[in-house]
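Read through the structures below before going on.
Consider the two complexes below, in which chain A is the common component and chain B and chain C are the respective partners.
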Partner chain A sequence: MTTQVIESKLSPVASAPAPAQRRSPWLVPAALAALLLAAAPWMSGQFVLHLAILACINVVIVNGLSLIDRCGQLSFGHSAPVALGAYGSVLLASGTGLGPVVSTALAAIGVGLVSGLLGWVILRLRGVYFVLVTFAFAELVRLILLDAAPITGGANGIASIPPLQVAGLVFDTRERFYALALGAAIASVLLMVWLFRRPLGQALNAVAANPTLAESTGLSVLRLQIVGYMGGCMLAGIGGALTARYIGFISPESFNTGASVAFITMLVIGGRKSLYGPVLGALVLTPLPELFRGAVQTQHIFYGAALILILRFLPGGIAGLPRLLHKGVAK
Partner chain B sequence: MDWQLLLGQATANGLVVGLLYLLMAVGFTLVFGVMRMVNFAHGEFYMLGAFAAYTLVVKLSLPFLLAVALSVVLAIVFGSLVEWLVLKPFRKDELNGMIATIGLAMILQNVALLTFGPDPVSLPPIATGASTVLGVTVANSRLYVVGFALAVLLLLYAFLRHSPVGRGLRAVVEDADIAAIHGVRARIYYPLGFGIGIGLAAIAGALMAPLFSVSPFMGQTPLLKAFMVVILGGLGSIPGAAVAGLCLGLLESYSTLFMSSSTADMLIFILVVVGMLAFPRGLIGRGEA
Partner chain C sequence: MTALLEVKGLAKHFGGLAAVKDLSFTVRKGQIAGLIGPNGAGKTTAFNTISGALAPTRGRVVFAGQDITGRRPSAIVGCGLVRTFQQTTTYAEESVERNIANAMLSRLENSAPQRLMRRTSHLLPAAGVAAEVERIIQIVGMQHWRHALAGTLAYGLQKKLGIAIALAAEPTMLLMDEPAAGLNHEECNDLTRLLRRLRDDHGMTILLVEHHMAIVMEVCERIVVLVHGEKIAEGTPEELRVNPAVVEAYLGAPDYAHA
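Let's look at the complex of A and B:
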């Protein structure tokens, strides 16, 4: 027991996956359960599939937010890159006649460039100031989308967006689209796991833990945060493009402050410190509205209360729960 | 087109809107100064203030002035209670405190939606007719609002400047630890500071209720403007918020003479970002980074 305690104290990133030689006994059952959970929607009807697709898209988007958060900056305007990705992908495809895949890739790159430029300016700000500016930027993006009615359709949005098509395969049924969304979600999780095992990920962690110390050891805080911010925004942009292709309709109101708040809620309730927090948050909170169908207000009140209670009593989110329970048993 | 007339009208409108921003931003920055907490629920308290005034005037047919006074007292009591019951564990914890107020905002807005419904309502005008001040014709109801807002500001100034409680509050804003060493009981000033900040938002809401329509979503825009104002004025700086609030209101009003209001919003956003980068501690005030 004591050695375990010492080990957990020594390991700098307690929530990082354990190294290969010290796998948790829960790994195999957890992997099996995840596999079953991922396959279940195909056998459970259209409604469950619909929720599963939305949950997968949210995993991609919230992973993006988590990547930014892990550089030590909280974005309160995460709906902005989602909106830019969605509109970019759709408008590029309809305006230039490019295929949906190429236009989505181009839109993601575009979001990366925009966020890189914006990040270069606003990432010099710290803490609360950064939060406020990202919030204002998201409002600005929404205003521009509303204002540029000749291109974006204004408040009416863009309807009847054609489904995604890859080399003759049309993702027009829920079964097919779920495969795509699941692939994207898994890819984004693997990307995060891979990134935070690399030196770049360690550097990002260092920047978040103590920017001054990181800077003095030769890491460029601004440059690292720009990289993290660009990556996070590109994930959000891809999530936005997927949403547009799946729902077939986008409007500025799909990307309002409420959306940004929902992403933060998922991240915080899932667990900000854990790689699996975004996944858990998206999985738990996406189907939740269905429990409160017809009572959106009650649902939001529940979200708000859950947010405050989790912050107060479970700062590690749902992902921190096993550790907490483990500690309780060990005592 | 008579430029002098247009300019005069724009100034009058800008002053009304600027006073609204000023009240919002001073309350917002006071809360930040005391608790180091960005209050995302500030707009919701503005909305609740407007609804309180609406309920008292329309449902209980009280006179408007009494309704405003009552809603402010209610807001200060309610705000202090919220601070004490909900936000206490998050004092001085910038990021988590901010997320907690997002949760608070969600709860308040949706409780208002459940109680009052989504449709906007309106108050009867507090005054009719118009007067001419310095050659500019202004609706009397707006003049009243300007008068009340200025009176509130004078009261606040006197309270912060000369009353023992106000001096204690300013000491806590300046440095809570040193204030505690000198015998200022921070325990009381956290709920009080939050309550007064919230009270200012509620006054703004109650005063603007007869001018604009009242709905559960009305808090969004003033909150965004309050952010802009405190960024320009420096977070935690009360004089900064006051000057920047008036400037932003006038600037918006003048800019609508030349361009559409959304273009003006974009330009102001760019201005705010540039201003923040050039003067990280605020253009006017001596904010705390």
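Let's look at the complex of A and C:
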């Protein structure tokens, strides 16, 4: 007992009070800025709207990737569920005459089932083995889409996909579609925030932080990772369906390895540890190719360099920047 | 007193190497039992096979009347058999309280994790988590460190936290992998008292796999001695102290054996 008392006096952490759950003073300004940023595209012309819509769709997809990553597994084939969602919803709608909303919902459920089955097999793998198998699966999906020309149109893809229509409201202009994409992006962020405040989210965090310990306290690592993987792939599928409806054209090349790499880059540069990382990553990286239009060749060099620099100096991504600056100031 | 854990004819082979051969023993409810043996005797393999981390080559493990052979570790935890680790194994970036609360996730009443794990025993309402965390902090005596990050704790305290985490999963029996390894003299005494309290006040059954002979001889009522994967003796500490096979395994053959 005496040793404990002495140790508690020696150790600064031992007597430190609980870190209070207080709101950051930046919360209100940040919310206002986000609101302005979200409203700005409506007043900034078609090109900005176009980028804003793509960024919002990417937020949904990268949130899906983040959910998988937060279970402790990195998918290098995130374009596969995006492709399955896109083709699934379009083919369901054209093949059965179902409305676009119903067909998108069914496609998302389908992507969930496929990824659940796949996850049950491949989530037993760890680390680089899992990464490789997801890469192989994404290539498999792309090649099947390419080969099944009678259904998917092969390399020509599917063109003139009718715009999304919900109860008489047609999302055929950029202004309208942006509202939809923004809603989807916000919903996906809220879903993530809500999930990681619940026991299920905490269990996923525990599995990622220490799978051996999680398993030995009664949490089945495999089952929880399957749940996270299914959820992440379903978000990607919804993102894919939105992409198809917005662009009006899909082909297997829209979902190649480059797309998977782009999603990972967004996640890592935005910040893997933060719920806002995917948002920041999508917002920063979606418009970036436009700045490099004149230099298509150097664009990838820039991405590679940015990825290496971020991993080296900012492992928490852009979302980890405030904390890092705060630490620097405190010093 | 009934048998809580029964190990029957357990064998584990790695390729051509038989790490554990035909191991049988029982641990009765309320007992503190020990599994000892020199380095490489197969203790850890036996431990990992019982706790589900490894699937046995042959044999059965029965816990509380249920055959748990070859089940996943998380499913075995759901039956009430919970292990601790030889190395410090914690959620290093989380507080002591959070570490303990995390271990209760699989038994949170009406929560998604509990339904996923299909755990039905020892359910805990969400409102009871704080009180349960507090109860466990009191049992292991970590009141001063409740907000400290697990990774910043001293080695001995991290091992203690490992025991607290195991207790949070609501075991009826604890499987402890070398709980005394790396602890100093004072911490060993502390551990001995904790083990006795867990048994006497909290009705815990305990199986230790241990190197530290003094602790085993002091707290264990029944000891199984493993050498080269085989059980060479079983009995009370007093019986084993005078058992020639055990003495030979630990101290080498006495001179008269060669004569």
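Here is the rule we go by: the second predicted complex is superposed on the first by the 309 of 331 C-alpha atoms of A that agree within 3 Å, B and C clash if a C-alpha of one lies under 4 Å from a C-alpha of the other, contacts with A are read in each partner's own complex, and residues count from 1 in each chain.
The rule we apply is simple: a residue touches a chain if its C-beta (ideal position, glycine included) is under 8 Å from a C-beta of that chain, and two chains touch if they have at least 3 such contacts.
Source: prediction; values computed, not measured.
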Look at A:143 in the shared chain and tell me whether it touches chain B only, chain C only, both, or neither; answer first, second, both or neither.
-> first
Go through the superposed model and pick first if A:217 touches only chain B, second if only chain C, both, or neither.
-> second
Applying the touch criterion given at the start, work out whether A:180 contacts chain B, chain C, both or neither, answering first, second, both or neither.
-> neither
With the two complexes superposed on chain A, say which partner A:300 touches: chain B (first), chain C (second), both, or neither.
-> first
If you stack the two complexes on chain A, which partner ends up touching A:74: first (chain B), second (chain C), both, or neither?
-> first
In the overlay, answer first, second, both or neither for which of chain B and chain C A:266 touches.
-> neither
Pick one for A:125: touches chain B only (first), chain C only (second), both, or neither.
-> first
Dual-contact residues of chain A, meaning touching chain B and chain C, are none
Spell out the residues on chain A that touch chain B in their complex, using ranges where they run on.
-> 74, 121-122, 124-129, 131-133, 135-137, 139-140, 143-144, 146-147, 257, 261, 264-265, 268, 296-298, 300-301, 303-308, 311-312, 315
Which residues of chain C touch chain A in their complex?
-> 51, 72-75, 77-78, 82-83, 85, 89-94, 102-103, 105-108, 111-114, 116-117, 119, 126, 141, 144-145, 147-149, 152, 154, 165-166, 168-169, 186
For chain B, which residues are in contact with chain A within the complex?
-> 32, 38, 86, 89-90, 94-96, 98-100, 102-107, 109-111, 113-114, 220, 224, 227-228, 230-231, 235, 260, 262-263, 265-266, 269, 272-273, 276-277, 280, 289
Residue positions on chain A within touch of chain C in the complex are 3-5, 7-8, 11, 13-19, 198-200, 202-203, 206, 209-210, 212-224, 227
